[in-house]
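What follows is a single structure, and I will ask about it in a moment.
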Amino acid sequence: MPPAPDRAFASDNAAGAHPAVIEAVLRANSGHALAYGADDQTAECEQRFSDAFGTQVVTRVCFSGTGANIAALATAMGSMRGPHHAIVCTNWSHIAADETGAPERALGTKLIELPSLDAKITPDMLDSIAHLHGVQHHVQPGIVSITQPTELGTVYSPSEVAALCTRAHEMGMLVHLDGARIANATAALGGDLAALRSFTVDAGVDVVSFGGTKNGALGAEAVIFLRPDLAEGSEYVRKQVTQLPSKMRYLSAQFNALLHDELWIRLGAHSNSMATRLDEMVRDVTGVELGAPPEVNSVFPRLPRASIAPLRDWCFFWDWDTHVLQVRWMTAWDTTIQDVERFAAGVRTLLSEPKSDCRGR
Amino acid sequence: MPPAPDRAFASDNAAGAHPAVIEAVLRANSGHALAYGADDQTAECEQRFSDAFGTQVVTRVCFSGTGANIAALATAMGSMRGPHHAIVCTNWSHIAADETGAPERALGTKLIELPSLDAKITPDMLDSIAHLHGVQHHVQPGIVSITQPTELGTVYSPSEVAALCTRAHEMGMLVHLDGARIANATAALGGDLAALRSFTVDAGVDVVSFGGTKNGALGAEAVIFLRPDLAEGSEYVRKQVTQLPSKMRYLSAQFNALLHDELWIRLGAHSNSMATRLDEMVRDVTGVELGAPPEVNSVFPRLPRASIAPLRDWCFFWDWDTHVLQVRWMTAWDTTIQDVERFAAGVRTLLSEPKSDCRGR
Amino acid sequence: MPPAPDRAFASDNAAGAHPAVIEAVLRANSGHALAYGADDQTAECEQRFSDAFGTQVVTRVCFSGTGANIAALATAMGSMRGPHHAIVCTNWSHIAADETGAPERALGTKLIELPSLDAKITPDMLDSIAHLHGVQHHVQPGIVSITQPTELGTVYSPSEVAALCTRAHEMGMLVHLDGARIANATAALGGDLAALRSFTVDAGVDVVSFGGTKNGALGAEAVIFLRPDLAEGSEYVRKQVTQLPSKMRYLSAQFNALLHDELWIRLGAHSNSMATRLDEMVRDVTGVELGAPPEVNSVFPRLPRASIAPLRDWCFFWDWDTHVLQVRWMTAWDTTIQDVERFAAGVRTLLSEPKSDCRGR
Amino acid sequence: MPPAPDRAFASDNAAGAHPAVIEAVLRANSGHALAYGADDQTAECEQRFSDAFGTQVVTRVCFSGTGANIAALATAMGSMRGPHHAIVCTNWSHIAADETGAPERALGTKLIELPSLDAKITPDMLDSIAHLHGVQHHVQPGIVSITQPTELGTVYSPSEVAALCTRAHEMGMLVHLDGARIANATAALGGDLAALRSFTVDAGVDVVSFGGTKNGALGAEAVIFLRPDLAEGSEYVRKQVTQLPSKMRYLSAQFNALLHDELWIRLGAHSNSMATRLDEMVRDVTGVELGAPPEVNSVFPRLPRASIAPLRDWCFFWDWDTHVLQVRWMTAWDTTIQDVERFAAGVRTLLSEPKSDCRGR
């Protein structure tokens, strides 16, 4: 095998923090500052988010992606009349599949998981639950939660989001956007603030979970209420769901670094491009089965069974769906073209070997 | 010892059902009727409650007192903006002390238990929690829940309730009245519908748990929303908290019997009067320590330690506070004057005996 | 149209109470009895359930089917180590689809809804969630909840239940059986206590929700812990989830009447036979599309669109799936052969009419 | 007024991060590392905690103090049989008073708040709730949660903790210790690892919330299960309550810096000594009313009403109890003797001024 890449393709949260983030934290570490958000870094962060979205938003900095989702959903649910409202999402959604039941625990709320092939929700899919309306034996749909980019690496177009928001609002629902990798979607849809706004404020989204951790932060997420009236009570809710940072300045500083000069979009664009390059380099390797080219920073190949373990031993990545021998290769803000080239070379080498040992599998 | 009473003084929920209630259930048991409230008995019941309160109320029939409290509080909390609101009550309140944590379980909500000597809440006591307001680390008071009559057998005057409602509303809170024994309070405060209204609608109460079970029903309680706008979503909430009766006609019929011709008030007045008579008959017995005369249907004497067990073996009642040798004698709608006379005679006999055996206790 | 049946085909919970149930309640209404289960009727009821299941069970009488499910699941979940366990059920299950989110509210627990064509769960379907095991981002399957008969009117064979229990137990899960219509399943599987035991105790089920309300009771359900060790804490849990009846004797008496001389099984057998007769009588009517003959007491025909409203106006029943023009006709313990004959005649009459008005629909 | 101190006395969480913590984070920021705890820093951190406690513990790194408390309590509650267990604490406890109802939200569990003058719980106070045991209408005490040092700045002696643990365990309860400022208690009780162990492992405590944030970290807390068997499921629970850090290495690295060479104890000792010095310097100032000398890093003086605002304007601190004009001055790891001297000088200057303007207040 050729030399392994310096950085594996496990996940973007395996990457470290960007130097600008580190510098910002160091700068913030000066003297005393009141806790719980009454600090200059947080005030700056709030302004930066309003600038980015092009409208006055309410920002609530949080620790984690799951935490931001819970704080966003609990606040939004608090604006509903009664605890019998439900959250509508897909079977792939992080809130449904990968948060160990945090929404049900914190909200006491049912998740209605719509089956979806591409991890997107369409207006028609909302129609399929319209019959629940007005029947006391059924939960009442209250919030639609979409993920952008989705857990399958697909990206909603702005018009898809807008159409969904329109239908959701017609049905009396709010729309939450889980943007744990929102930088990658923004990069994929144009790579500027107009792109960000196109699938959020302009499309009618009500509240966003805005991720920093997977995009070069040490650890920082935020709930952005695009409609400030929906933020009522959000500071209490954040505390109640254990997401109020004590020394908030250190989290806000990370966002200040990322938002400065649109660094966050550039990092997202870079990791996207690395996935595209990786896809291109292995697409013709016999045994690598690929779907459509990546829209963001992940590649989901199917591989010959016998190749998976040795390839992973050489350079780590995670399984995606073991039933169909599908794995996930994910790039990060710090993935280099050398990493991609080495990895592609390793894939090519391994899959070109005589596969006498994988017959019949 | 003299002959024991036919009915003990354990509790009003040890009594059976009034014949008129039984008859109403039998009458309701005719043919088919749609479940979940779409039946004639329930329509009649709803009208009867509006008539009794003298205003258009929304009625939600429930199974149990704890259930009605939960349905009332969960619906009212659903009208608050956010899950960070709390319920304010006394340390004696049934919801805090005797419901095995049902409110915290069903609502995920904190109960703020105000210490109270007489189980009542005054406006001043609300002032003691005013400092919580506006601080993100604290729950925000959302609902005041009072019990009428209280768990200690005291009765709020209409002006006391009105003053509390005024202060609560000024502080942005709603007022819930737990009326598991509302008939006894109504009887104590005048014994007619004007009395009922004086401490509920007229005083500014928002939502009532209206008890039937302790007053001659087989088992029937109801949530009465005195402000219909607060009832929004209550049918869903009732179902979610497991309080939606399937064959609702049989519960509604019980209320129809009790509400007819104010039977419920007469039953409450009777049990009150039996407690008054009992208090009068034992007040001069040496060893029986009594506080103020009973306002409703319970007497809380302190007794010599050695007398409690033999008296209970002869005619059952429950301890109230074993630390101070206090017990509770409770009358019911069917307690007879003969029951009271026999019980008083037994108390007198037992306490007049030479107490050589209780020295040193 | 011919004369309408005296009883419609809306639901078995639209039927009244059986005379023996009424008599038992009247008998129980004698003098005082301690509340909350310390009464003779409840002791008798507990013994009758142990006799019926042929083993020492723990019985907790509850108000409603949803309530019994919640009490059963909350107690069973309490035996799990940690709040991160989930309940596995089908998308058709009452707990998932028809309880307004009560399980999520009361337990804070995720429901994993397995898609199922016949509303049954097979061992293979459990295998499909085996990958969740041991991953901290996923809820851990804790309880499998099956419904017998299912919400689609199908019946698990004893060996199907046994195979599922074996697999569930191997995976460290408990098995709950929602028996809101357990009488109908018992009747379908042999019609005696051996039949009851064959798909419960003998098959390895851990806890049962035993329904009375849909089978001739005024309103009575029970949680039956087939493994008494699992009942630890169940009396507290029942209270916490608002399902502790105050005057329990009146609910226990209903079960005593139903369990006496296996009345409950006979009632279930009767309603099953009425559904079978109805199916037979309309099967050859043009326009009535039927699947397999009914196993229990419901028929799910598809009807011509134009016939549904007039037929319902004449004799009420509920829609099942409006997308495919499917309705549900349900028989009850008191459905008579005359009711069936009249209804079948009405169907035949209506569907034989010239359908000039439904062209193009 | 003299020059204001460089650092105010608002709180120890207003202080920044210690240089050693910053260095550790910088060192950890090298290359890729798997997320969610599968990294070298976390392995080291776990070992360091076992070394510190002198026994094999299970460590779960968390984001915040509230979060660690919730993760600890939810895991411990998960070892109880059933959801009807309650948490016993004081009315002063952070979990009861300052977490916006997070425990009730996340656990659905009642908190029993014992009134306490010094914010400690004694074995006798547990006896006062013994009567709850075995009664289905009452929650059952499951966990005692104490804070060390307490919210009032008092410190349990090791023997006090041991006596409480003994009684709690006799009553079937577990003991949780909220150690948000555990360094200050450790310093106060001897200042070495033996001191730490004396009031935790040696005393019988079951689970500890171990704070780093208030003691020089950027933000890092940990749940330490002193009995590893109690940690079962804790990794799932941590995720479910939104406290699983993605890039955990950066939190673990902070603990590695603090635990190295007992830096954390030295920082605690320093802030304690600064409070002691402050107390000594203002104790003789007329108008400053002080209780017992500080045991840890806070001083709670009562001040003349007119002095509070100008003093705060000059150098910030928080009110403690406005009803009695009591404020809180809190020192931190980085408070200097110069800060203390300047502040004491300011207090002396301000309170020596003619107070013509505060008559009658």
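Per-chain numbering from 1; labels A, B, C and D assigned in written order.
The rule we apply is simple: a residue touches a chain if its C-beta (ideal position, glycine included) is under 8 Å from a C-beta of that chain, and two chains touch if they have at least 3 such contacts.
All values derive from a computational prediction rather than experimental measurement.
When the C-beta contacts at A-B and at A-D are tallied, the pair with the greater total is A-D.
Chain centres here are means of the Cα atoms, and by that rule the chain farthest away from chain C is D. One simple way to say how far apart two chains are is to compare their mean CA positions; for chain A and chain C this gives 42 Å. Once the centre of each chain is set as its mean CA position, chain A and chain B turn out to be 51 Å apart. A straight line joining the Cα centres of chain A and chain D is 34 Å long. The set of chain A residues touching two or more other chains comprises 83-84, 99-101, 105, 108, 136-137, 139, 236, 239-240, 244.
Contact residues of chain B toward chain D in the complex are 83-84, 86, 97-101, 104-105, 108-111, 113, 115, 131, 136-139, 322.
Contact residues on chain D toward chain A in their complex (touch as defined above): 6-8, 10-11, 13-17, 22, 25-26, 29-35, 63-67, 70, 99-102, 105-106, 213-214, 218-219, 236, 239-247, 250-251, 316, 332.
By the touch criterion stated above, chain A contacts chain B in their complex at residues 36, 74-75, 77-84, 107-108, 136-137, 139-140, 232-240, 244.
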